[in-house]
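Naming follows writing order (A, B, C, D, E and F), and every chain is counted from residue 1.
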């Protein structure tokens, strides 16, 4: 399969810390960077909370993995998409987020998803 | 006051095991007693001695074992739930014991308050 | 009675169920992902504000901090740490976790 | 603690088969019968689906445990409470249920819960 | 695109999210606890009926049977068995599980 | 057609492992190929050889092992997720192997369709 480039989308719909999905999903994303595929990350619903600035996890004795989102850029993972309505329903704006993202309408997000070859959700 | 604790989810996947641990630690620090922590459903997976989390992460299983040793807490794993999920004496971490569901009901009777942590 | 809710109000129906059933005079403690419910701008914040008329609403500060939401707590909601969680459990005659 | 009788309530809010909570919850209920406590079962939200008649699990290769609800009576576990609104929101009536239950309003369910000593939820 | 939903519409927001995002012409397959959404009298059945105008809606029969709900499937929804599930996955270019 | 399967939840607690298995069985019966089943998150708990469910219940772990043996399916358990949860070679059931997350990405590339089963 040398040279095959597929469109991979990782869909994140869950808040961080309440469950491990956000953290372990990020581990797959980092690994995927080594495979020279066309990788996108989508943040929908509570998934947008993963990108919230100012996470401080000392009080729950758990590792704060949110700085890793800032490292994605250095791994050539640059396509981060956030759905507008999901942000709004949670009182968040782009300024609240740790990283630069592209904000999409529900229709744009739906279209983008349609174009993928592989959609992995956690 | 005597607390009984029920944990319904395994380590790492859900925060329930963390919340239960931090509650126990705070209760003990305030001079309360933790009568028993009962592990049910996927909660039985808190009892495997085979976990090896990344070094920069908390070790949830060891934390329970140490809490039990330092404070003489009874950590009970439900036998039926444990057999379903592959927890047996051979992979059981220190401080845990496998017993029946009756121990959960007994905790409800003997503790002043019983709190559930789950998904 | 102490009601404990641990799920995001937009992901699950557990906060709605709790607020539907909880009797006046009780206390609701939001932990884990449920803390989002008590943050300004969240669609669930309106339900929390209404509930404050008949229930005490508390939120677990360490969970709020972990999620970077400490600066936007809804007015009237009480932040507690784990010590406060233990006190709430001891003060109330009984408790129910809305799993 | 010989002779202590506490009010135990088992709260069921989840549908059967999608997760194991309903089945394992029933196992605790059966055990509790041996302790001579005052046991109630509450069915709220999707928990009411646990009591639906006509479950046939052959196609998912999983044990149909719903007949066990009929055996509760024989273990002297007779207090089964179902919330009215939960039934209605799912298009169910008492006739759809495997066993006789007491249907309560949300307020009555809330009052009953307040009276308990131990509330276990799965 | 094939959208797979496995959660009860009243417990979680995953069906709502799927119906919000899914493009017209796609297929939604309801499995596990999501099958309740396509049963008459369920509050989610209205959303399913509306969605039928722009999406094909299927439900996994073995999951419907397990839950004792086979006699109340919403009209217009297609019941499939595991063979049909495999066919749906093969026929559509891609798929997304709304976990 | 070549299917890749991702399983994110453990046996018994969630239906995901059952649904994934029944999908694989149906796909194989129709003449399709299952390229790999990748177990991630709590899904790694499908791989413990220590489960002993009640006799009147399905044995989820054995079912995977048999499916793999009969059809030469590659059952891969994510090493990082497995270490966190106490799955190692010493309690690994037949037919499973422990490997890296790259195997999941590779499945996405090589399979015609990749389906996820989870919570």
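We take it that a contact is a pair of C-beta atoms (placed from the backbone, for glycine too) under 8 Å apart; a residue touches a chain by one contact, two chains touch by 3 or more.
Just so it is clear, the model here is predicted, and its values are computed rather than measured.
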item: Any chain in contact with chain D as well as chain E; value: C, F
item: Interchain contact steps from chain B to chain E (minimum; 1 if touching); value: 2
item: Same or different residue numbers at the chain B/chain F copy interface, by half rule; value: same
item: Where chain C and chain F are represented by their mean Cα positions, the distance between them in whole Å; value: 38
item: Geometric centre distance via CA averages, chain C-chain B, whole Å; value: 24
item: Residue list for chain D, restricted to those that touch at least two other chains; value: 17-21, 45, 60, 62, 117-118, 121-122
item: Residues of chain E engaged with two or more neighbouring chains; value: 6, 10-11, 13, 32-33, 62, 81, 94-95, 97, 99
item: Set of chain B residues in contact with two or more other chains; value: 8, 12-13, 15, 22, 41, 57, 80, 114, 116, 118
item: Pairs of chains found to touch, sorted by chain label; value: A-B, A-C, A-E, A-F, B-C, B-D, B-F, C-D, C-E, D-E, D-F, E-F
item: Interface residues, chain F side, partner chain B - complex; value: 10-13, 41-42, 45, 48-54, 57, 61, 80, 83-88, 90-91
item: Residues of chain F touching chain D in the complex; value: 12-15, 18, 22, 56-58
item: Chain F contact footprint on chain D (complex, rising order); value: 17-20, 60-63
item: Contacting residues of chain C [partner chain B, same complex]; value: 4, 6, 31-33, 62, 81-83, 85-87, 89-90, 94-95, 97, 99
item: Chain D residues within the chain C interface of the complex; value: 11, 13, 21, 44-45, 83, 85, 106-107, 109-111, 113-114, 116-119, 121-122
